[in-house]
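Both complexes shown next keep chain A, but they swap its partner, so chain B is in the first and chain C is in the second.
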Partner chain A sequence: MSTSNENHTGQGEALLPAVDVFEDEGGITLFADLPGVPREQLGLHVESDTLTIEGQMSPELAGSGEATHVELSLPRYRRAFTLSRELDVEKVSAAFEHGVLRLRIPKASHARPRKIEVQVG
Partner chain B sequence: MLYRSVFPGDLLSQLERLQRGMRSASELSPSIRGLGRGGYPAINVTGTPQATEIHVFAPGMDPAAIEVQLEKGVLTISGERKPEAPAGDEKVAVHIDERFFGRFRRVVTLPEDADPDGVVARYRDGVLQISVKRKQASQPRRINIQ
Partner chain C sequence: MKLDEIKDRVGALWESVAEGWQHLMQSAAGALTRFKPVQGNPLPTEGEVDDGFYLPSRGWAVLGGDVFEDDRRLVVRLELPGMDKQDIQVEVLDEALVVSGQKRFERESSDGRWRVMQCAYGSFRRVVPLSVAVRADEARAAYRNGVLRVELPKAAPGAPRSLKIEVD
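After this line comes the complex of A and B, so read on.
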């Protein structure tokens, strides 16, 4: 399934998702917690040297009736990372399951803007 | 047990947490169990006269590994989140380490009229959604005037 920026939420308020970033000799692996975001509402964008992760929660999570206790008060997430030159954004792979995004960015030579395909599993 | 903030860097939610903390400190009679803030996983609760809905934000779980118990009007959600192994297990540098791993347990006190037989839980997109029906007797009824 491809993601697009149709659901681009712009610069509105958003939650900052918790992430883990690991680096090995072959590249970078990033995990991000985006609970409540369905696959089709996840957006990944790479532009020049910035990687942006965005996600919109499904509306049903707003619940029905009166909110009596709220810890997550915004229905969306956004977080951006600056990539370094040796990372190959052409070969980024992404998987998204149970609200956890796993990104793999291999090391290579140059970077140019592109969208990232989200694969099932 | 170690708890970590779900969104540690989020200034906005930290401010809100602070505000709420101040608000609840000034409450005259908070629930004896409260509903501790900043624990993992984050919980939202909404309610209608018919049902109470609890959303537990626990991503990356095997649904079978989440335990939901209801005892005497107290709902307990517990489980363990196991860390994933990063790709390539040799010479791995950890640059950012924010996500919660380990055992968790959170407790929600339900309204007195919660129906223990009317609880439905499902796990979707990393969120556990628990719906608890309220007993018929306590629902608002229109009374006919004769």
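After this line comes the complex of A and C, so read on.
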């Protein structure tokens, strides 16, 4: 799996969310920080070997007035990952809580190392 | 793409965003927040992580935030992804809002390796200066979708201060 910055695809600028990626025998687990994104504004797309995470922050500041100090000028996150072929994208599971997305992508069963027990009689 | 190549790829990624990163550092130096390890909640050791940028003793994260002001109140929003509500402390000290807390790292139960580690874990403290006096006893805080929102009524309601200065 690799990450790539695909902000130049004509869809405007987006923030790159920070991620953690854990790999074990069964697959990979990916954590992405997407604070401010409500569940219904989170998008996950798989196209051939590319997984794209997108999220739109919700504008929560109602009423009149002016922001005196703003660091969140880009209200959108986007990050694309190239998945290695041993991963089974059909079986992605996702959880999203407190602005953190957790994705589990298992390895295809044929790609997993198999342990063969040898019995000595 | 092999999983082993991920380190190099992430390295290249950081180089490509370095310009934007520096800009972000300059414009939001206060948003860069240090995360310190907490006893009893160990982070992976360097041997378990393949990310060349990772140091278990030191974590930094940009906690984006904004301050909104109208004639009645200040509203401070701070991005704190992945926290438990009870791990966030909010205080008003003199003319600043102080947000501190701990983001817990949850170990994976299986044997494996951390290929990329960019998220920060541990304890942190962020001070947000307040432009006007507020009634701290009437402040309200809420945590939703990983964003802390603190509403602080103004001690003296009125439009945001603005002073025109003549240029000679």
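Throughout what follows, the second predicted complex is superposed on the first by the 94 of 121 C-alpha atoms of A that agree within 3 Å, B and C clash if a C-alpha of one lies under 4 Å from a C-alpha of the other, contacts with A are read in each partner's own complex, and residues count from 1 in each chain.
By definition in this document, contacts are C-beta pairs under 8 Å (C-beta built on N, C-alpha and C of every residue); 3 or more make two chains touch, one makes a residue touch a chain.
Predicted, not measured: the structure shown is a model, and the values here were computed from it.
Contact with neither chain B nor chain C is seen for A:Ala95 once the two complexes are overlaid on the shared chain. Applying the stated contact rule after C-alpha superposition, one finds that A:Arg104 touches chain B and leaves chain C untouched. After overlaying the two complexes on the shared chain, residue contacts for A:Ala80 are found with neither chain B nor chain C.
Of the residues of chain A, those at positions 16, 18-26, 28-29, 31, 33-38, 58, 61, 63-72, 98-100 touch chain B in one of the two structures and chain C in the other. Within the complex, the chain A residues that touch chain C are 1-5, 16, 18-26, 28-29, 31, 33-39, 49, 58, 60-61, 63-72, 82-84, 98-100. Residue ranges on chain B touching chain A, taken from their complex, read 6-10, 12-13, 16, 35, 37-38, 41-49, 51-53, 55, 57-61, 84, 86-88, 90-100, 108, 123, 125-127, 129. Taken in their complex, chain A has these residues touching chain B: 13, 15-29, 31, 33-38, 58, 61-74, 97-100, 102, 104.
Looking at the complex, you find that chain C touches chain A at residues 1-3, 5-6, 9-10, 13, 16-17, 27-28, 31, 61-62, 64-71, 75, 77, 79-84, 108, 110-120, 131, 143, 145-147, 149, 160.
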